[in-house]
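Naming follows writing order (A, B, C and D), and every chain is counted from residue 1.
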Amino acid sequence: MTIISPNANPAAAPGASRVLLGYLRRDRLALAAAVFLALFVLAAILGPWLVGDAASRLGLRQRNLAPFSLEHSWIYFLGADTLGRPLLGRLIVGAQSTLGIAAAAVFSSMLIGGTLGLIAGYSERWHSHLILRLADVVMSFPSLLLALIVLYTLGPSITNLVIVLAVTRMPIYLRTARAEVLELRERMFVSAARSMGAGPARILLRHIAPLVLPTLVTIAAIDFATVILSESALSFLGLGIQPPEFTWGAMVANGRGYLSTAWWIAFWPGLAIMLTTLSLNILSNWARTVADPQQRWRLQTLRKAAR
Amino acid sequence: MKRSSVLAITSAVLMTAAASSAMAQAGQEIRIVLPEQPANLEPCGTIITNVGQILSQNVVEPLTVIDPKTGQPQPKLATEWTQVGPVTWRLKLRDGVKFQDGSDFNAEAVVFSINRMLSGKITCSNIAKFGDAKLEVTAVDDLTVEIKSDKPQPILPTLLSVVMVVSPKTPVDQAVNDPVGTGPFKLSTFSPQTVVLDAFDGYWDQKPEFTKATYVWRPESSIRAAMVDTGEADLTPSIAIQDASNPETDFAYLNSETTAIRIDTAQPPLNDLRVRKALNLAIDWEGLAQLFGDDVKRASQMVVPGINGHDDALEAWPYDPEEATKLLEEAAADGVAVDTEIKLIGRNGIYPNGAEAMEAMMTMWQAVGLNVKLTMLDVADWLRYLQKPFPEERGANLLQMMHDNNKGDAAFTIPIFYRSSGNYATLSDPALDKEIDAALAATGEDRMKSFKALFDKARKEVVADIPMFHMIGYTRVGSRLDWKPDITTNSEIPLANIRLKD
Amino acid sequence: MFSYIGRRASHSILSVIGLLTLVFFLTRLTGDPSALYLPLDATAEARAAFAKLNGLDQPIPWQFAEYLKDLLHLDFGQSLRQNRSAMEVALQAFPETLKLAFVAITLSTALAILVGSLAAARPGSLFDRIASVTSLAGASAPDFWVAIVGILVFAVGLELLPTSGTGTWAHWIMPIFVLMLRPFGLLVQVVRSTMLSALASPYIKTARAKGLRRQKIIFGHALRNSLLPVVTVAGDLATSLVNGAVVVESIFGWPGIGKLMIDSIIQRDFAVVQSTILVTATAIFILNIAIDLLYAVLDPRIRY
Amino acid sequence: MKSAHDSILKGEGPILKIEGLTVDFLSNDEPVRAVDDVSFHVNRGETLVILGESGSGKSVSTSTVMDLVDCPPGDIVGGSCLFDGTELSRLDAEGRRNINGRRIAMIFQDPLAYLNPVYTVGRQIAEVFESHDAARGKQARANAIELLRRVGIPEPESRVDFYPHQFSGGQRQRVMIAMAIALKPDILIADEPTTALDVSVQAQILDLLRDLQRETGMALVMITHDLEVAASMADRIIVMNGGKVVESGLAQEVFSNPQHPYTRRLIGALPHGEAAETSHRRSTEIAGATLLKVEHLTKEYVLASGAFAGKRTFRAVDDVSFEVRKGETLGVVGESGSGKSSIARILLRLNDPSSGQAIYAGENIFEMCGKRLVAFRRKVQMVFQDPYGSMNPRMNVRSIISEPWAIHRDLLPRSNWKDRVAELLDLVGLRPEHAERYPHQFSGGQRQRIAIARALASEPELIVCDEAVSALDVSIQAQVIDLLADLRTRLGLSYIFITHDLPIVRHFADRILVMKQGKIVEEGPTSALFSAPQHEYTQSLLKAVPKPKWLMSTEAPRAVPGAPRPERTRNGSMAG
């Protein structure tokens, strides 16, 4: 029940980012998640500069070095992997490829899936049917087969891995975008724009797309987590990223054989993945609450009037 | 479609019932956990590890077996053999042997089995060991067989160790999943979960201690190891080195595999001998050996000790980065483009820690100034680089490979790698070809000496490869069993050799 | 309704045909199976013989035509690897996956509905926070990692459960647990958020004005209306499980279709790849239609 | 009416007494005071009407009585609610439960949303009995059927198993009422019970409420923004504005002699009845040239076509012909489903007609395409019922108003946009600085002004207003209509003014079409049509407009309880 008195002048909006920050402060879990993510992103950006080539320096005589020893430099604090390379360093450097791959995959699947979904939802011509059947096909196409096909025909590379992950996640955006468009295109402002003479392109891009985007972004946040996990599952099956490139997922996959003898090799990257995906999930929950006018009050200060 | 799915469900239910009842009568049962599901149980594919480990000498038996210590053929279903002509061998067969379906084992059965392998109507992996030899098999009498070939086969008795004799009732034109042989066990069930073998009462030799053998498979080494630990399984033939942590149960064995990197000698800058030498010198061999365990042997040549032609005296390349750098500088000074990008092509899952080894070697080569870039490929992709014809535009490349010569003779190694016609060879040296041909034609001491000389030359003058290690396999054997793995474990686990501790 | 099912089915058949065509041609891009089925030292003649034996020497469009012709006779081809009919192989593995997927999805949906609605009943409470974070944490870890740690802890360390395999009920616990983690985590979130918005909806005000008991309001009115999105998400998750729980099947030695598919893909056993995809795609399309029909059951406003 | 006076005379205390109720809604900003020190009371058997515009706090105060305000974000700052001697705020959950539904019941504005969509109505009614242990199982169901019969649902035995969406709007409200009176409560709170309904249905519901009140002797608290509804129901009335009670008293006194300026403004905004005839809002001169000529317009929808159903069609617009002249306002009046909005959408080419033609400037609109269609769309604009819905929430006012220029590039060079937006805002009575704000920052009336500014931006000749003021508060309605009339005079526009609201159209339209089930049943100049309606349907429409209670004689013939006039039934297949 918002109260707007008929003659009051519309209030100027306070700084949107400040409000969001306030909401974030009210949810300590989401705040922690945001701080974690910020740290990881920072690591991804500054990592290579911070660690240099220490992450790939061999130490065959300190293979599987146990964590928490301060005998070696700080970078060995979390232990060393099967080739004696510092786990901390590799985590930091791996953040870049892990987050980079996930971000690129999520972004491209959102872009492609969203665009196709917009078209499929707005038009009822043959191509929108074609798009839907395509989505069906992609959905039931095993991602592993796709991974292998791409790996074989295009060769192992980060770009190709991104292609695989993006294609497999695409139908979700397509279907969501389409469903949203089906609803939005019946909305009055779309009719209004049409009655003013706006063409389909203008309606889609100017009127519908901006309203579909927030939903897609929310899905993208959760999907980011899914993509990191599927990437690690691909590594587990040997169809993911190939050495010498590595991601956290590949680190877990390579270290899994050592879980009983040198747990730390798979544990730290596993923890990093878990914290990242957990944070993303918590943040997207938070964002849902913020976006829902009926729930938003949960994050507000709720200052009471003086009695 | 519907009925078969019902069938599948029913059989799955039956299978689970079978599995749980099997648990009840341990003691006479042995449970073995393999790394991989056998795709099929065609006796003609026993050289495939997971097929051979189940069938070989358990369900089906070969004519001869190789003594793991000497590498020499020993009698099995054939009791003796003589070379009666330059291209003719005559075999005497064991008497009183019966197939599990009740048919008699005789010369006809041997002729049938060999012809079935040769027919080309089924995919027969084992026959590949014979190369392009043309064989003609005839029954001389009930227990005598004569084998004629188109050219001399000096090691035919060794080759006969891959000839699995099957019942004449086996279909000729169809690969089977229900093999019938003469072994001490007959196949009971083969499902996607298990293979179960039951003792065959009519076995000709001493009966094994077990009346039943169950095979299951798990791809994760740590889980296989854990299963033996918890008593869910008695034996697993192969675990990763990091899981071989218990000296009581974990045994290492030299497994006849030699790992190496092939250098593509046709591609600059790898066509320069100094670069190839530098590649060998730049590796910290002792450090690298850490990846494969304390028991691996540094390899100086492509065959393991005990193989006819192996040169014990040949020294492996040392670790000498200074020398490597010096050689590269010399080459560079002579205008060799040593900074060309060299592709290091690895294969996923080729052997335990294979990818780590490639990463380590890449880093070491980069440390001496070589521009090496690692690409890990899927098997089928990798094969394109391994075998002729090589891909066009492949560029300078190093190929991760593993060679398994368990046939006792260097003839299965040298021509493939070093003769210009060799399937894996990047060399093209007519003089070397001649030497190889001469060695292959030789026999006895001469043959051995020639092979040794060739390995010597390959190591010191040709340097077409970077031999790494003679590999070690690890098995975990449950504490109630008395059994040790040997060099044949990769291809067979004869249950008759496994005893219970009392 | 029948016309709806008919229309959906015809769409699905189109999609399956498209899928099979795509799979057929794309798999052929991944190399020659003879390299994998014959020993490395096999001769060129042997390879040619192998290709001829399995019809791989024909041009690919020709092979496709042959495949389609055989399909009409319900002949789905022969497995290169297993010496059996490819469809038989796929149909033998599929029930195993179906069993796992069914139990995992049913259990996680039921549990998630319970936990999610309790959390939504008292948003912000300690229970809500713990339930949200732990369920999400479970969904956030790589599954193979959880599976292996689970085996090391529960089978090797505590010796409570068998490491892997099939057979007794105890064999089900760990695979199901690992499979449930992600669906459960996601579903708890879905249940919680749809319950929260359902609890804020007008008909809940009516229920309160009628003087209904709190449990009745939460479980009778709000939950019943929240089921639709839950079914949507659960359906999507079920779809992904039907496609094969590759990781779980492979670690726990569960002979399901996911493991079969990855093995066949890596081994280039094309006929089996095609058959497994045909089986799973059909199952997925049937599942999707079933979910649509379930919508109509859950929401009387939906009629086809 | 009598009973209400009786109870007052007998000197019984009021059954419900609200004292100094103050409710805030909390957020990040200062708390918003929704209800501010409100006091009122309700006597047994009487009807109290709470009259106020949107945001006046009228619903919040009654929701507080029912404990339907969620706290937080709601915050009851102070006050007491005394029900039959019990202080409601001190009750525990079980105590509350015993009052809600049993002693105080409530019905709401939008029964489709307020009925649980997934349960049958019978179940939802039976629930009331079961949760108060009044009856269960078969008995509860029988009671539900009886109640449905009482509130006038035909064939209650079968329709008890129908779902809410299978009923028409009026029937749904009847179901809500059945649920509310199940346990014969002492008080029925009706929150805008007829707002979404057609005028004839509204009359039936109001009749039903009055009958039930007479039967059971319950008190009725009715919340409404509609002056006529208020006048026709109220014994006493309180007027709320901005969370405060600004005026209260006996209904007749308040209406005939309003004290507070707000009440006066409210009542004077759009005078009803004959007073509308003197309205200055009709156009003074009509040029006479025909702008638009619609001939035999028909629109059919295929309802269901399946293997078994066969093809059934529904004519939303049935052979409609009319013309609009320059400078004229053509009113199109009809109830929901009469096809009046379909005509608007078809004329704007948002939907295609099944047959017929519409000649605009010598050309058939329905055959236009490409450039010609774009040019036509520039000349004919539409103003929608819900101004908020008709604007993209992500665009600010400037982009909204300048959108026609972005579409019709030759209309105005980009450099002039800013000035022109300011001009247009000024024209519709807004300030130029409003251009940078977003629709949600405006009130409903302001939004409709923006919508009008947007319609004017492309310099149209004809504006189609589809229920353009129906969603607005009455005082705002007058302002917007004044604006439209003013623009017509100044810019020489023509309007097609579509509405279900007879009083409004009487103020504004020059000529009126009355539509029913897709057909034009009557057409004529406004004064003639209102003074001497020819068609039966027009007559019934005019009669359905509620009359003040104090003007009705108690002996006046009523619809017999339990047998109300049949309503159009929207069956499930149509609604779904």
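Keep in mind that, in the parts below, a contact is a pair of C-beta atoms (placed from the backbone, for glycine too) under 8 Å apart; a residue touches a chain by one contact, two chains touch by 3 or more.
The model shown is predicted, which means the values in this text are computed figures rather than measured ones.
Enquirer: So using the touch definition from the top, which pair is joined by more C-beta contacts, C-D or B-C?
Expert: More contacting C-beta pairs are found at B-C.
Enquirer: Please identify which chain has its centre, taken as the mean of its CA atoms, farthest from the centre of chain D.
Expert: Chain B.
Enquirer: Can you give the whole-Å distance between the Cα centres of chain C and chain D?
Expert: 49
Enquirer: Counting in whole Å, what is the centre-to-centre distance of chain B and chain C, each centre being its mean C-alpha position?
Expert: 37
Enquirer: With chain centres taken as the means of their Cα atoms, state the distance from chain A to chain C in Å.
Expert: Spacing between the chain centres: roughly 22 Å.
Enquirer: How big is the gap, in whole Å, between where the Cα atoms of chain B centre and where those of chain D centre?
Expert: Averaging C-alpha atoms per chain gives centres 85 Å apart.
Enquirer: Enumerate the residues of chain C that touch no fewer than two other chains.
Expert: Answer for chain C, listing residues that touch two or more other chains: 30-31, 148, 152, 156, 200, 250, 266.
Enquirer: Check each residue of chain D and list the ones that touch at least two other chains.
Expert: Residue numbers touching two or more other chains: none in chain D.
Enquirer: Scan chain B for residues touching two or more other chains and write them down.
Expert: Residues 220, 222, 226, 378, 380-381.
Enquirer: According to the definition of touch, which chains form touching pairs?
Expert: A-B, A-C, A-D, B-C, C-D
Enquirer: Where on chain D does chain C make contact in their complex?
Expert: Within the complex, chain D contacts chain C at residues 63, 66-68, 70, 93, 96-102, 105-106, 108, 110, 113-119, 127-128, 131-132, 163, 165, 176, 179, 306-308, 572-573, 575-576.
Enquirer: Mind listing the chain D positions that touch chain A in their complex?
Expert: Within the complex, chain D touches chain A at residues 24-28, 30-34, 53, 55, 59-60, 72-73, 75, 77-78, 242-243, 345, 348-350, 373-374, 377-378, 380-382, 384-386, 389-395, 403-404, 406-408, 434, 437-438, 441-446, 451, 454, 458, 473, 475-476.
Enquirer: Note which residues of chain A are touching chain C in the complex, please.
Expert: 29, 132-134, 136-137, 139-142, 144-145, 148-149, 152-153, 222, 225, 229, 232-233, 236-237, 249, 252-253, 256, 259-260, 266, 270, 273-278, 281-282, 285, 288, 292, 294-295, 298
Enquirer: Tell me, which parts of chain B touch chain C in their complex?
Expert: My answer: residues 1, 4-5, 8-9, 11-12, 15-16, 19-20, 23, 37, 39-40, 42, 47, 120-123, 125, 127-129, 131-132, 174-177, 191-193, 216-220, 222-223, 226-227, 229-230, 232, 378-381, 383-384, 386-387, 412, 416, 423.
Enquirer: What does chain C use to touch chain D in their complex?
Expert: 2-3, 200-203, 205-214, 216, 221, 224-225, 298-303
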